[in-house]
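Once you scroll down, you'll see the structures, which are given as structure tokens.
Next come two complexes built around chain A: one with chain B, the other with chain C.
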Partner chain A sequence: MRTVNFSQHDHYRNAVFPSPFHARQKEHNQLREWSRWSDYLSVPAYWCADMEYFAGRNACGVFDITPMVKHLVTGPDALPYLNRLMTRDVSKIKPGRVGYSVWCNEQGRVIDDGTIFHLEEGVYRICSQEHQIDWFMTNTLGFDVNIVEDTHDVAALAVQGPTSCAILKDMGLQGIEDLTPFGLTYFDFEGTQLMVSRTGYTGDLGYELWIGPDHAERLWDRLFDAGKHRGIKAMGSDALELLRIEAGFILAGVDFLPAMEAVRPSHTRSPFELGLGWLVHFDKGVFNGRRALQEEKEKGSRFHLVKLDIDGNKPANQSFVFTKDEKFAGTVTSAMWSPSAKASIALASLEAPHGKSDSRLELQGHSPLQQ
Partner chain B sequence: MTKKYDAIVIGAGHNGLTNGAYLAKAGMKVLMVEKNDFIGGATVSLELYKDDWKYSNCSYVCSLLRPEVYRSLNLAKYGLQIVPYGGSATIAQNGDYIGSYVDPDVARREVARHSHRDADATVRYDRDIMRQCRFIRQFLLRTPPDPTSFKPRDLLEMMYMGKEAMKLGEDLIYDTMRFYTMSISDFLDEYFENPLVKASHSGSGIIGSALGVMSPGTAYVLLHHAMGDVDGSMGAWGFARGGMGAIADAMQGCFTEYGGQTVTGSGVKQIIVKNGRAKGVVLENGDEYFADVVVSNLTLPRTFLECMDPKDLDPGFLKKVRNFKIRGSSGKLNIALDGLPRFTALPEGSELARGDMHLIDSTERLERAYDDWKNGIWSQDPYIDMLIPSLTDPTMTPPGKHFMSVFVQYVPPKVHGKDWTDDQVHQFGQTVINQIEEYAPGFKDLILHVEIRTPRELEDEVGLTAGNIFQGELTMDQLLFNRPLPGFAQYRGPVRGMYMCGSSTSPGGGVMAAPGANAAREILGDLRKTNTVPEGWLDD
Partner chain C sequence: MTDSRNIVIIGGGHNGLVCAAYLAKAGRKVTVVEAAAQVGGAAATREFAPGYRASVAHLLYLLDQEINKDLALESNGLSIAASGLDTVALAADGNHLTIGADSVEGAGLSSEDKAAYKEYRRFMSKFAAVIGGLHNQVPPRITYERNDLITLGKLALKVRLLGRDDMREFLRIAGINIHDILKENFDNPLLKGALSMDALLGTFSGPRSNNSVFTALHRMSGNNAGAAGAVSIPAGGMGAVTDALAAAATRAGAEIRTGSPVKQILMDGMQVSGVELTNGEQIAAATVVSNADPRTTIMDLLGARNVEAGFARKINNIRAKGNAAKLHLALDDLPGFKGLSQEQLGQRLVIAPSVEYVELAFNHCKYGEYSAHPVAEITIPSVHDSSLAPDGKHVLSAIVQYAPHELGAGWSEGKDAFMKVVFDLLSAYAPDIREKTVASELLTPQDLESEFRLTGGHWHHGELALDQFLMLRPVPKSAQYRAPVDGLYFCGAGCHPGGGIMGSAGRNAANVILAK
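Let's look at the complex of A and B:
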């Protein structure tokens, strides 16, 4: 079953489509508010964002990640192709493993970040925030690969929090406790294949479940049934946002502007400028942006992504950052009050040389990072 | 009526009105002289069919109008409102169509329906167009520098332009150079694979231009159509409530409130020059008016070849005026409809019908339409930009009835080198109507009244030389410091006290009001009067 069919002439009648989990989301959605995530309806909060956040940190929170853009990369040259596309060495991601990665344009500016799932020998799934088919296809020149976007063919749930493993075990996923971080494995689920990866966006113990859309509701039911006594809760995007900032993960379109969309080139970032230098592997041969990144590595970056620990108890959303002597230093890109750390924390993009070492800075006003 | 003024503006087009309003705002006694019985020029709403029916006779949609002018002339106070409209549709012969929807996700899925890749490529395409637009927009309310001059103001302005260009960064500078010289068809090939997707973007590259989609220079024409905005939404277009004439009317409201006077019904026959200085004007009806400042809103050739004594001008200058590229290529049908036409390709009630509709499926087909123009005949398979403003603006027609504005490329200024005959004008109208009927059966039966305009009618009524809608081709050789002519881009004429403020001057045609405003700034500067013209707002 395909949830969204591009070829339908009347697709325009609905700006947004129900996810395969919609019927269940609707039952849980006490606030009756819906938001949009790409082609799908999403839930900002089911009953209380803060409570849902605590479900994620303290027990188990379930978040629908179906709208995430997904591509399948196959063919004899899948690996060399991906190594050309990605900044990191994809050969290190063995079958059954998942790796976080970024990809850049020739100027070494980040187009998007995402996860690479090595589903089986030579078969990869790439998950990202932004639509990528044009860029991915542009890069196939000279490679024998096959790329399809299968966003709408896969339903997915993030199951995050300390009781997630126990719940999945109770649901009947034998041996799930042996899955190591960034591992993926397959289970039979009522006669269909269920893929489970130990991945997530919360920095906690957590899994992501991938299944055909037709089995989505059954998966949800079995999961919530199994989690009944272990604090399972449906979790909305507001809670997830808190969890991911706390974990220090960046979000495309929020903490950086994808290079394809940035009208102002100065608003793009390189992997180094996002604190992702560890994902750039110069020892693997040619890849997009290599030359520019090499140069940047030698000459230094223009920006640094920093994690701020802010005095007081106010979240610092949309603030400017200044030095103690009132010089402009940068902008806050994501901010929150962290219930776990009991601290006001933020991610900020600072102009070099600020942010290279620990230092005291001041915050003022508000300034959204614009496209 | 006194005959002596501080300034006389010839032509009450929207640029003349803008110019006059700023001069009057600075305390000058200004007279506006318009040959027609009505003001507005190509920015006009007329009631030709019946009292309750308004047509936007020439220009029909608004985006370029500088918001700085809108605000500083307080046009809202004089009744102006620009209402954005949704989307557009390009309808193919095979019965399919591609829509451009207001909602970004719907818009993306619609492109994906035709090409998955092109849906993504649109992001990159929009980004690159926006980048170029942001670059140009900052120069719209600035007087172009003279690159050969060593005056401090020119050197400073050149430096400013250079600095802004450097800010773009290396790659963008390369792109910019290419943009100004490429054809729209080549440009689109760099982004898209689907013919219908390309066709849907290509029309803006040739509207008003005597060039084909495959002619170098048409990429810029597209930019010219994309650099405006409605309330900050760049590239968006809207209707002026009550038709485009509402813009001119609001400007005149402001002009009059600052004490400006208007005489209509008789055109300027000649600009009076004494001792190398402009001194006033003589009208066709013999009336004379005097002023030390005379500003022309007319096209470059009309001003200098028709309204001046050649003996008052330098022959070299006159030669350049004669060579100014101003070729007509457009026509228009304004149609009163008894009801809403039904385009078979579009779903019933589709929001797309509220926006621009085009009947084209490939850039090749558009190039063929241009071939006809080169052969001296109107396109037999024309490109049309068609709108039904009454779906959005209820003031245009009685309820249930509709006004349809049909802009047509290509229509030559002469047919096989000979003047248009009335019969040919009629035939041209039938060509267009037949084409619409093919896509909307029953359309003909809805027609209550049609106004058909070829370059002949446009020249006769508005004074647009050869019917060129932009008062001169928008190509690199005639833009910026080359517009209208090298050495004359700063709104001053070759005779002291004489100025130009029409679309023939920089930054060019369209209902933008920038030429009128820029010229006013120069005049006030020369007279050492307080400047009333606002600076351009920079996009952050």
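Let's look at the complex of A and C:
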């Protein structure tokens, strides 16, 4: 079942679609709340965000990532095309491997971040938070390459947590324990192809499972069946948010404003300003943002992304950051009380030169009182 | 290996030659590689029928006089056959108008219109000088750097120095359409039609299109002696200008190679390293300057993949839809134009009977059709210069609009039919034109594109409009003649200050390269 049938010309009447896992999500969704993620209905929390978080950290949490925007990049120039598009050297991502990357505009500001799956020689899948087809098509000028957005053709689940490997093994994925981080491999699943990558957004052991939408419910059932004695739980986006902040991963639209959406260019961020300088490879030839990033590297960045460890136990959401002598230093972009670290932690974007060396800063809009 | 002293210039159009001459004069080692068998680009004088010669660009009105002097074009062979030509606004009934630098004469012209014409010339000349004052400036970037601020300041000062009323008027009309201005000033339809042509030749616009006052001012913005926009005809056609430029460049030490099309611009890492010709020969150079239009330069010669996607998109989106076709007729004898004396045949003849007629002519090209009733700018240069045709014979050279580059029916189908339309048009004014014609050549924008390698067959290598001018030309952030590729420069009409035989783009580019 394709969740969106574009041949029925009235698909546009619905802005939001049920995911191919919707029937199963509905069974688990005790809170009966739905949110929107990109083109799909998503679940913020099935029964208790904190408990779902603990499932993800201590056992296994299952999160529907079908809504993630997916593109297939093929054709003779797929690699040079991606290398001009991405800041990192895509030639280093061998077949069967996955790489995290960002892509920038001419000003060297991040348009979005995402993962590049090298599915087989010369065939790539790009997953991103935002719709990118317009920019990706713009980038095809001068390249012999095919770009398809196939978001609706692939159902996907993130299976995250320490028992995930054992569960997948029990489900019958033989040899899954040999898959190294950022590797991908294929299994036969009841006569269809199941792709499994050792990737995720939690910083923990975890996998992502990719399959045709027609097989989505069977996959869910087999997975939960295999996991029932290993603490498997459906996990909503609130729990995932906690897991990703703990892991120190940034989120488009939250920790940075995607460059295509910014009204004021000064509100956008470069990879360096997001702590992603390691993804910028100047030794690979021309890529979008190269000139601007080279200049930034020489002249210095405007912002630094920092991870804060905050006194007290109150999440520091929406706080401003000041120096000891009360000078404005920046803003908190993501914050949480981390149950695992037993600490109030946050990601913050500080104006240069702050964030390079200051060891102590003050927060405003945030009460230091213990709660 | 890259020879760091070598400079290769792709294209020996007039701008490429100017650039070559200035660079060579400054002691640089310069090689010009021109695809065609002769230099000159769209200015070259070519034989179009045995014994008959003409150049696509036929009237000289923008050539920069400093360049003329610096490069000693006269002693390099340039002579002017006729200058200060009048414009004759043709009428099918023979009641034409004669439009001069500061007066207009003709049957049925009111004294108000005559007076208004003087005033029109006064303010248009003054405003054109503001634009002309920018021609020899490298466009400023929007930065706080000193040179950029000085250039912007000079522009502001020029506008301010117009005086309060004229400044207000300049700012009012610079972005609007020529139809409104002509309507404000004149009654006579023929006068308005003919004057509107100054705004429209070579552009994708009609009299009511925005920007058309700007293009009219641009045409008048040269710094030649005499009245603003004064028109002359070089002896030997426009090719005489480019031949003189080639002689100046060669004399200064530049090497010019014709019949040498460049296939691609070579890169060594992130830096330009030379060019490869279609015959496979490579010429090493750390600096490559392109006189080809920006789209050809980036999309075809460099390859879009060698620049960032945002830049490639901007270059690819440059509006360059040529509309001007060029007609060359080999004539047995001078044709008879209704109401014109033999002497008047040597003037600039314009067919544009009213602004409404011109607007209707433009309408067609929006829909991929040629005008059913086109407009034309006609010269018979052989009246002044017998070298262009066999003894006693003549050459007629006409720009005919509108003939869209993308003709819906396709030009292989449409060309003969359009030729008939053009002959019918001319016959209405010169009934014996068909009998006098012994050979003809019609160059559609497609032909101009393939013969002169002009994207879209476009006069200016890209539409001349306020959003594609000064620091926005060819595209924002590369208006300093520099492409965003180390060692690659633009020097053609696609850059500031645009097309027309002027030379400023070539010289400004040379200055940027020399200042490096």
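One rule holds in what follows: the second predicted complex is superposed on the first by the 352 of 371 C-alpha atoms of A that agree within 3 Å, B and C clash if a C-alpha of one lies under 4 Å from a C-alpha of the other, contacts with A are read in each partner's own complex, and residues count from 1 in each chain.
As a working rule, a residue touches a chain if its C-beta (ideal position, glycine included) is under 8 Å from a C-beta of that chain, and two chains touch if they have at least 3 such contacts.
Every value quoted in this text rests on a predicted model; they were computed, and no experiment measured them.
Participant: Determine, for the superposed model, which of the two partners chain B and chain C contacts more residues of chain A.
Facilitator: B
Participant: Does the superposition put A:L141 against chain B (first), chain C (second), both, or neither?
Facilitator: second
Participant: Is A:E298 contacted by the first partner chain B, the second partner chain C, both or neither?
Facilitator: neither
Participant: After lining up the shared chain so the two structures overlap, which partner does A:G285 touch, if you call chain B first and chain C second: first, second, both or neither?
Facilitator: After superposition on chain A, A:G285 lies in contact with chain C alone.
Participant: Using the superposition on chain A as set up above, list the residues of chain A that contact both chain B and chain C.
Facilitator: After superposing on chain A, chain A residues 135 contact both chain B and chain C.
Participant: How about chain A: which of its residues touch chain B in the complex?
Facilitator: Its residues touching chain B are 4, 6-12, 15-16, 36, 38-39, 107, 131-135, 137, 149, 260-265, 370.
Participant: Show which residues of chain A lie in contact with chain C when the two form their complex.
Facilitator: Within the complex, chain A touches chain C at residues 77, 80-81, 84-85, 105-106, 135, 138-139, 141-143, 285-291.
Participant: Under the definition above, what is the set of chain C residues touching chain A in their complex?
Facilitator: 269-270, 299, 303-313, 316, 477, 484
Participant: In the complex of these two chains, what residues of chain B are touching chain A?
Facilitator: Touching chain A: residues 99, 101, 103, 105-106, 108-110, 112-113, 116-121, 123-124, 127, 130-131, 134, 168-169, 171-172, 347, 350-351, 540 of chain B.
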